[in-house]
Every structure is written in structure tokens, then in C-alpha cells.
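One structure, as C-alpha cells, below. Some questions next.
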């Protein structure tokens, strides 16, 4: 069930069965010469929607704009400052908790979000921790990157080996090619630049990675691999979500 | 062109032709017994994507969660506090302005967003206004509610008259029925409660409007009317967007 | 009763009769060659003080500085950023609510405040809406612009027709001439510039409206018309306030 | 010249002569059984307006609501949280600085504001200090409490000795009696409670000072003494303001 | 007992005896040619640690970075903006209050912190004051500058007279010389500049005080005087802390 | 060189040789029955001070209070909310950058800080990234946990194997025993509870880990192992810091 396509009565009914939902979270940022700017939001959304279709798990609206300050040297990239993203996640979670949700499973598509998501969870918990004996029902938040799921890593390794890289990877581009075949782009088969060191701000990033990719041979992507990843990851997410809900 | 499905080079190329884009903005909130929780985000998104397809105008990722505090009495509703939404809009606009966008046309699907969108625009302008002689390129933001477009109002009046109401209206539900036929819901043909007065917080709203609708006979909705509205509104948005860009 | 001229015991006694008060809110910003910088604060204050004198309604201290970022191109203009004004309104309302006030009637003198006032009310409500079953007494806030009161619009139309304009209007200047005859200014009878489009930031505003007025022939103002507006509006505000308090 | 009663051209002209203005700042809080709730805002306003009339010094709109959290146990008291008041002062100062003001003389009527005013000045300076070589024109802010002016202290001592106390003092009430004779209140001649220790929050304050006064025999106030204080203080403020402007 | 060197069980046991602790707070900022950058944090820390050793009073971790915007013209100086420092003090106090602490005695080493510390206490209290009948246990905060303790002032006067000055004073440098003999520095015996007026931002400060000192002949410092001050102040702090805890 | 024990001239001189410094950052939180509450701040401080002594690298004041919301169920624990810690790190870094520092090496002692430190770095970078062509000198921030240094992991494995655990570990307690022998505590040799799942807020943490430890047999600690870790880690930090500074 997709929250956006449900009614409030359907959500009420869902809550009698489950207190948890999945929140896809990504980013809107350049992904090199052939990767879509929405890649990091689209990938977890595609997987989460499959999970919803296959297992009846509720999926909230995708948080499409994330923490992407380092990509602002390329047109079309959008960032939320970390403090803004913390506020967004906090309001999102507390709104749903208000009516009974207790388990929030974030399915994340962007490495640059991880720290801020973690800080946001702590910000939510901190408010409760500062009050003794609040007797509120528990809130439990979990972040799961789709690209660190075992099957995603296995397929990446099998298919792309060390040409996967870490930004505009053939894996993530494969997923968007599978889900959005009308938006498949091509590029010359230039090997991506290696990362000499970690980056800082947008000007620094662009000077290190002139075409936007980090060590990723995006052109190896294919819709077929995308399908394989989505198939495998959605199964894993179902199991992982159910385990998360089964925790005491 | 959808920003999420474009590459940064395509955006660079677009910027040589146009400095403007459309940003769909909505809400995730109860819409009565048969309206989708995502209605207010889906409607402007549907229209904007049509605009993009028909006229090649760039459309950014939808801001799906808006200011919906009054709906929190119903499960599945999500709000951003106004100050959070202001921060989101500010970061979104300034990110794109950084690489050359100057005109931001927000296509809004939720009455409850209007005040906060206006405040957000002023927050963005205020930062510039407090500096004399900044010599920054101009930023111009405009909010256009799809439901106050002349054609939307005309069709609503023709089709639904005074049964349109103001929340969970047959017009907006018609659009989602047209765009998401697999998610059409039904309800008993109960007339919605009249609004005795304006509402305040979530408990107040729910006590005034027990099934979530405000004076809206949602069950009058049909996919056919939805198509009619989308067809007409998308034409108007193209014209309105072009006029906005043509302003000095 | 003016709050600033009352004692706390008098307020306690007032609370046994009424849970509501009027809060004048305006702006401190240029009003063209003859309009006072304080016009937008002074007008609602004058009307509210008359209301207090005539009907014994409590009036709080005027919020004299509002959201006026677009006027910062002219000396003497002061703005609060929208997020600052939201914080001010929230603290103001919650302070009085703490001791029993429940109905807050903002009498506003500045179009540029409307969006932010609306956002501020939602910010206040949101905090309550995010908590289920708070069992707090209700807070109800209402904004009423004096210049959209029926009598203000009628007199404006009768007296000034389409020369009223929208900034530094003869109506508002008439009120300040009536209330502050010692501060009546004059100007040459130059027709104001028409508004070619909506404005954005301060530099943009000044370039569109070089003398500060928007389509307003300020020089048509007179103290007599000012008196007529204050007389009529104060009667309407009393009725409107009482209706606001009578709502369930 | 009062800013609220001036035009922008008059302010432009004033700026050719002076870069400084006076900002009255006070509070809206209980002042015991006979002190007006607005006392702390009205006193500096009365003095500043006299200064303006006598010496042609520009006076901005009064910041009427200050930091009064400890008085919230009494009806009618309003506080801004310190962080809100900091934002207000910052926006106020930076707005006027934008068009050329450089010296901001705050005339304060409330002891509880002093710390927050100081923090606000530092917040303004800090933004500049964090940037090297900003080459902005200087901003200089000064806080002057009217009640610590030598003449205010001399008259208080002569007239009221140790019965002056520190909240709802006969001195401040005298000023409001002089300026607002129509709002003179009376009370039984009960000696105020001595302060056993400093107070913390509102409940604590009220338990220490049940009628709101701190060691102040308010009933000793008289309009005559009020006039004496205003006469003397306004002379001192003129001199002090001019000295402030004359500093390099 | 130093909090950093205690276990939670020891703190639990301490709480059965006392609800109070000492929080050293200082600054990290230039102190002229021979004063240590950490002087303002080290001095209260040294005294507080002595107090802890002598009287078994719990001492929390030192807040080493304070409000020092005016010193940013000199390398190595660090400031927190006032709003940041307010947040730090609030979180610090509320964390410890959560488990039973009620009395917070800040021992301050920096004049520039005083206003912000006061504002922070009010921010903490304000949250409670805005809620009626919260029935929370009380929180009481007190700021005590070590340099305004009677014995500190007496020794300063005896030893340094009017050569003490107000920044990089021989008194504070004496304390650090006594506590950190390995870090004693020397300078030429240049008299410090007199303060022509109060300072504003960092550029202004440096232009007024080119070597960083304010009227202070730092070179008069000696470890012997430092020991005398620490001995005397620690005794006074013990008495003052106990009196603070004994208040109802 | 320790910043707190240096003068501004010494820092100026240091800047001619190096643009980098080390910032120890930790936490103040329970560490089980025998671990010191300051463990996470003391460990990186001890290592950093050794580094300073051995290699002349500048070390700033320790950020002793970090993100520890989950420990608030135990007395003496203090947290900064993530948004507060972000502000602290931002002000700290920008203050030093103002006078020429460009490389900030955070030596972290607390796993719970990692996400927020990452978010803080992004917050700093974001401000720069949102401005095109700022031409500011670069700022580069790096976080290094001492406990993930290869030598720390090697010694831990050799000495404690799977009894190291993850909170109140024998390794970190060994360091504090070595550095603060006067504060060595003992406990009964109870094996710590295993972690059934990840924790959320303070009540949840305490219910999972009643004595505060996570899978750590703290009682295996010894000062000798502490010395070994400090010796090895300080060598590694020197090399790692120099490599960080040598990056282009």
C-alpha cells in the first residue's frame, strides 16, 4: 500500500495489523553524463514500491531532496542543508507517530544522506530522552541503504567488479534504466576518474570529478541488471522490514 | 523535461534556453473516505508532468509533504511545521539559483500551503534585501494553485456547482482517478458537513469534520472530469509559465 | 481596555468576562513621499484603540514591525524576517494563553504580513496537533485586515475609486492624518506608477516603484475621510470580534 | 523626529546629518496592583519621545514586548523567549543599517532585558567578526537603561529612598502617571515583600512575590515626580546620545 | 568529585546528598602577548577543581569555548555565537536536570559570557514559564564570575591596583601561571592601551587594542599571586555554593 | 602546542608553518560500573595531547559534551542535541578559519558523535557550496575515531578479543586508567549483556543495558594496556594528520 494512494480509513485499518512503514529517501543531484539527477531518490522508491506491491507493506512519500551540497557545482543539483533535512525527517516521523506508527524504516539511496539521517534520528530520540518517564509509546527508526544490502553488493561485484565506483555507479543507473526505460541515456566509454582523496564542498568536488562520476563506469549499466537488483533487493527489504518490526 | 530524469548536461543545455522551472508542491493528508492521502501532491504533479511533456518545460521534484497540521487527527497525514517548509523551499530555490535558475514557478495543490509558501518567498527575498548592492542575479518566485486557475474553476462550477466544497473536492479526486485509475475508491453518497467556521488545530478540525471532508461531495468525482481538468489546466499553466518568464 | 494601561488584576477580572483580545499588527516601512513610515502599524492601532474605548475590548500592544523586506530599498524601513515574525507571534500568543486567553484577533494593517501571520498561526497550531490528546484549552487565532473590511472598501471606492492603489493609499494616509494631524505631509500631485508586475526583493521593488507608492494617489488623502474610515471600521471590528468570540 | 511619523525622504535627509537613532525597548508584564502592564515599555518611550521633540533625534518604534518570562504567573504578561528577542533586535538593526544607520542607542526600561540585549548585540557583531575584511561600515550598539541614569537614581533616592525597590517601583509608576494621567490606579498601602533570593521561573516568582512587586512601595508614586524624572532623564539621554555619536 | 572522573553510580549516590553542581565556563580567546588563549576557561576550572577536591562538590566538564566574537581579530580565538551558547547551556542543564539535579552554579571566567549566560538561564526558565502547572521540580541557575568574588577583587587591588585592567589582567594570568607553570610566557613591560570607549566587533576591537590587552599590565603576574587568588576564591566559592543550595 | 596554553602570537607563528590543527571531541556519559563518565572525551584528549607534545601539532580545546541522548537514563550523562552540536562545530571551525586555519582534524572518542560530526561538516560546506565563486580559501574537515585506528583495533583484539564490546570497553577504560590512575574504579566481574538489537532513546537503552555497558567486559582494563594504546595511536595520529595536511 502506498500512503499517497490510500485513504485515512485504510491507514487506520493497516495500523491494526502493523505499526511500521517504509520511507524512501534519496537525493536530487547530478549523476554524471548518463545518470539521472533523480537516481538516488528513484532507486529506493522503485524498490520500496515493489516491496509494497509484493508484501502489502505501507510506503510513505519519497523524500526526494536530500543532503547533496557537494554536487552543487553541477546544474540541477539540489540540497537541503543538514539542519533542514533533520527538521523534515523529524516532522515526518512525529506526524505519523501521532496516530500510532512506531517503526520507521528508511530505505536510503544516497551515501551523502547517511550521517544526517543518523543525526535526525538522534534529534527525535533526544527530545524524548530529555524527559523522564514520558510514557510515550516507543519510536524506533532504522536506516537501510539499498546499496549496502547483501544482494546489491553481490550483484554489483558479479556484474561490475571494481568498475562499480561510488557515484553514478552502473548498479544505480541500471535500476533507473529498468524502471524508466524511456529515460535511458548514453555516454562515451570514458573511465571515471579515481578519487584522489575525499571531497569537501561543491567547488572542490567538481575540481576532483569533472564529469561528476566517482570511479564509476556508468556506461556498464543495463536494464537487465537493474531488474535483477530490484528483484533481489525487494525480497531482502521485505525480510529486513519484517525482522525490524518483530524486534521487541 | 523532468529534472529527476535529466542529466546535468541536459540541464546546462536547458539553461541556455530558459532560466525557469516548475516546482509541484502539495501535501500528504487525509482526503476523506475516498480521496487519496496524496491528492494534493499528485494533482499538481500530474499537471506539471503533462506540461513538461507538452511544452518541454523543466519540472523539479515534487515537494510532497506540506503544511497539513490541521489534518493530523486522521491517520496517515503528515505535516511539516511552517518553519520547516520555509527552510525546505529556501534550500530548494537557492540550490538551483546557484547554477543559474532565476524563475521559480510553484504549482501548488494545497490551500494550507499558500501562506507558508508566501512566507518562504519573503524569507528568500529578505536575505537579499538586507544586503545593499548585492548585485546577485534576480530570483523571482511565483505561486500558482492549480485549483484557482480559471479553467479549473470553470469546470468545477459546471460539473459540481456548490457541491465542490473545499477539501476532498470532486475536482481534485477526479484528477487522481484519471491519473491513478487503479486507486479509485468509493464511498456512500453522504453529503459532506458544512463548515460552521474556520478550523484551528487537528482536534478541532476532526471535531468539525468527522469524515475529513469540508463541504465536498467527493463521490461526484470521475476520471473523465479529471482528464478535462488536466487537459485544460496544463494549457493554462504553459501560458502562465511563459508569461512569468517573459516578465522583465 | 488597553493591556499596556491595565493592571494584572484588571486582566484577571476581564478574563472572567472574555477570553479574547485584539492584537494590532503592522509594519514600519516607507509609504511614499507623504505617507508615514509607521502607517501600517498606526492604522490598526488607531482603530483598535477606538474599539477598546467604545466596547471595552482588551487590546494588546501593537506589533509595530512586520514583514517589509521589499521596502528595504528606502531609508527607515524595517523588516522582521518571516521566521522572526513567526516566533514573535507565537511567543505573544502562548504567553497570553498561559493565563487563560483563548481567542486572538489580529487586526492587521499590512498586506505583506498576511502570509506570515497565517504561517505563524499554523506554527502555533502545529505544536498542538503533533500531540494527541493534549487536552489543552483551545487557541483560536484570526487575522482581519482593516483594509479588507467592507466599510473600508466601500469608503475607499466612493472616495478614491481606482486611484486608491495598493501601497501608500489615500485611505491609509487619511487615517494617519486624522489620528496624527501634526504629522500631515504634502507632495506634488504626481500620479503613482502602475504596477507592471509583482515585485520580489528590495532592489526590484525600488526599481519598479521609484517613489515608493504602488498605483496610489496618496495626495487625495484627507483627515475627514480618515475619520469616516475609523468610525466605520471600529464598528465593524466590534461586531466581527464579538462574532469571533461567540463561535463554538 | 519619530520614525513612524516620518517619510523616507525625511529619513534620507536626517541621514545626511546623523547616522544614529534611539530605540525604546521595554516589556509588557505585570507591575503589581497599581503599576501598568506596559510600564517598562511606556517609560523609555515617553523619555525618548521627549528627547525627539527637544533635540530632533530620530526615535524608532518601541519594542514593547521584551523578556519577561518570570512574570508569566500573572495575567496579561507577555514574553519573548531570549532567542526570539535576539532575532527581533538583529533584524531591526540590520534593516536600518542597510540604508546607512550606524549607531543604535537602545533606551531600555526593563532589567530583565539587559542580558538578552547584550547577547543580541554580540549576535550582530559575531556575524561580522566571523568574516575577515568585510569592509562593511561599522555598526555600534549601546544599551542605556533609563533607570540607571544618574538623574533617575538621584531622584529615586531623594523621593523614595529604600522604598523604591526593584519592580513596580514608585519611580517608574510616577512616569506613567505623568504621561497617562487617565490611567492612574491606586492600591492599599501595603509594603511590598522583601526579596529573599533571586527568582527563577514564573511559578517561582509568583510564590516569592504574591502581588507582583519586588520591595517596591508603588503607592508612593506621583505624576509630579514622574515629570521630574522625565525632564531630567531626557536631558541626560540627549547628552549621552550625542556623546555616543561623537565617538570615533 | 569531577563528573568526568566519576561513574554513574557515584553520581546517583551524590544525588542522595546534594542536588547541585558547579559548571566552569570560560572562553578560548587571545589574552595579549603573554596571556594564554585558554585563560578564561582555565581560571574557573582551576578554582572549581580545587573546590571539588576540598569540599567534595561535584564539578561538571568545563564549557571551554564561550562568547568571544570581539577577539576574532586575533589568531586562535574561537567564539560561539550567543544563540549557540544558549543552546549549549540549555542542553547541558536539562540533561542533568533529567536525572535529578536542580541547582546549577556556573563559575564563569569571561566577562563577555555574562549576558549570554543570563539569556540562556532565561531561555531555560521561559520554557517552563510558558506552561502553567507543569509541576516539574525546580531548576535554579546562578552565575558567579570568579573575578568579581570579593577576595579576587581585594587581592587584585592590593597587588595590581589600577594596573589590573580588564582583559589579560595580571590576576587571571597569575592563576594560569600558578596552575600551568610550564606555560609561563613573558613580554616586554609595555603599558597596555587605555580603553577610549567600548568595542564592537573584531575589527573594531583590534584597532582599539592592537596587542589584545585592555588596560592590563599582564607582566605583573606571578604564580604566587595566582596561588593566593585560587586559595581565597575556592574558599569563597564553597561558601557561596553552599548558600546557593541552602536557599528554599 | 595546546591552543589553550598558547598566545595569539604563537598561533600566528604556527600558521606560517601549518594550516591544520587537531580537535579532540568526545562525550560526557555513563560508562558502566567502572568507566568514567568523561571516558569518551578524555581518551581523544589524552592521545591528542601526546601528539601535541611529540610532534608540535596544535590541539584545540576538547569538545567534551557530545551527542549522548541514549545515555540520559543514567545520572551524570549530558547530551547536546544534534542540532546544537552542529552549531558548536560550525562556530568552532569558522572562528579558526577566519584567521587562516584550513584543515580541521577531529579526533573523536564517541561512536554516537559520528553521524552528527558528519552532518556538521556538511552544514559548513553547504554554506559555501550554495555560493558560486566565493573564492574563499578551502576548509577541509576530517573525522578520525581513535578506536578505529588500526593499532587501536589490533591491541583491542589481542588483549580483549570479543570481550571488548562496544560501550565501556576495556580499551577505553584502559586509557583513562593510564592517564588518570587516581580515578581507577573496580567492579564485580559480571559479563556485560549482549546487545539484542540497536537501541533508540534513553529509556530504551537503559532497559536493554541495565548497568550501562554494551557487551564490554570493562573489568579487563589495565593502565598498561592503556599506555600501549596511547603510544601506538599517537604515532598513527601524527602520520594520519600529516597525510591529511599534505593532501592537495
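Every chain is named by a letter (A, B, C, D, E and F) in the order it is written, and numbering of its residues begins at 1.
Keep this in mind: contacts are C-beta pairs under 8 Å (C-beta built on N, C-alpha and C of every residue); 3 or more make two chains touch, one makes a residue touch a chain.
The model shown is predicted, which means the values in this text are computed figures rather than measured ones.
Chemist: Among all chains, whose Cα centre is located farthest from the one for chain F?
Modeler: Farthest chain from chain F, going by C-alpha centroids: C.
Chemist: Calculate how many whole Å lie between the centre of chain D and the centre of chain E, each centre taken as the average of the chain's C-alpha atoms.
Modeler: Here the centre of chain E sits 29 Å away from the centre of chain D.
Chemist: With centres defined as the mean C-alpha position, give me the chain B-chain D separation in Å.
Modeler: Going by mean C-alpha positions, chain B sits 46 Å from chain D.
Chemist: Two or more other chains touching the same residue: where does that happen in chain F?
Modeler: Chain F, residues with two or more chain partners: 72, 79, 81, 83, 95, 98-99, 129-130, 202.
Chemist: Write out all the pairs of touching chains, ordered by chain label.
Modeler: A-B, A-C, A-E, A-F, B-C, B-D, B-F, C-D, C-E, D-E, D-F, E-F
Chemist: Per the contact definition, I'd like the list of chain B residues that touch chain A in the complex.
Modeler: Those residues of chain B that touch chain A are 2-12, 15, 28, 30-38, 41-42, 60-65, 72, 74-81, 83-84, 87-88, 91-92, 95-96, 98-100, 180, 183, 185, 202, 212.
Chemist: For chain C, which residues count as touching chain B in their complex?
Modeler: Its residues touching chain B are 67, 69-70, 72-73, 79, 81-83, 86, 112, 114-123, 125-130, 134, 138-142, 196-198, 200-204, 247-248.
Chemist: Flag every residue of chain C that touches chain E in the complex, lowest number first.
Modeler: Residue positions touching the partner: 94-95, 98-99.
Chemist: List the residues on chain B that touch chain D in their complex, please.
Modeler: For chain B paired with chain D, touching residues are 129-132.
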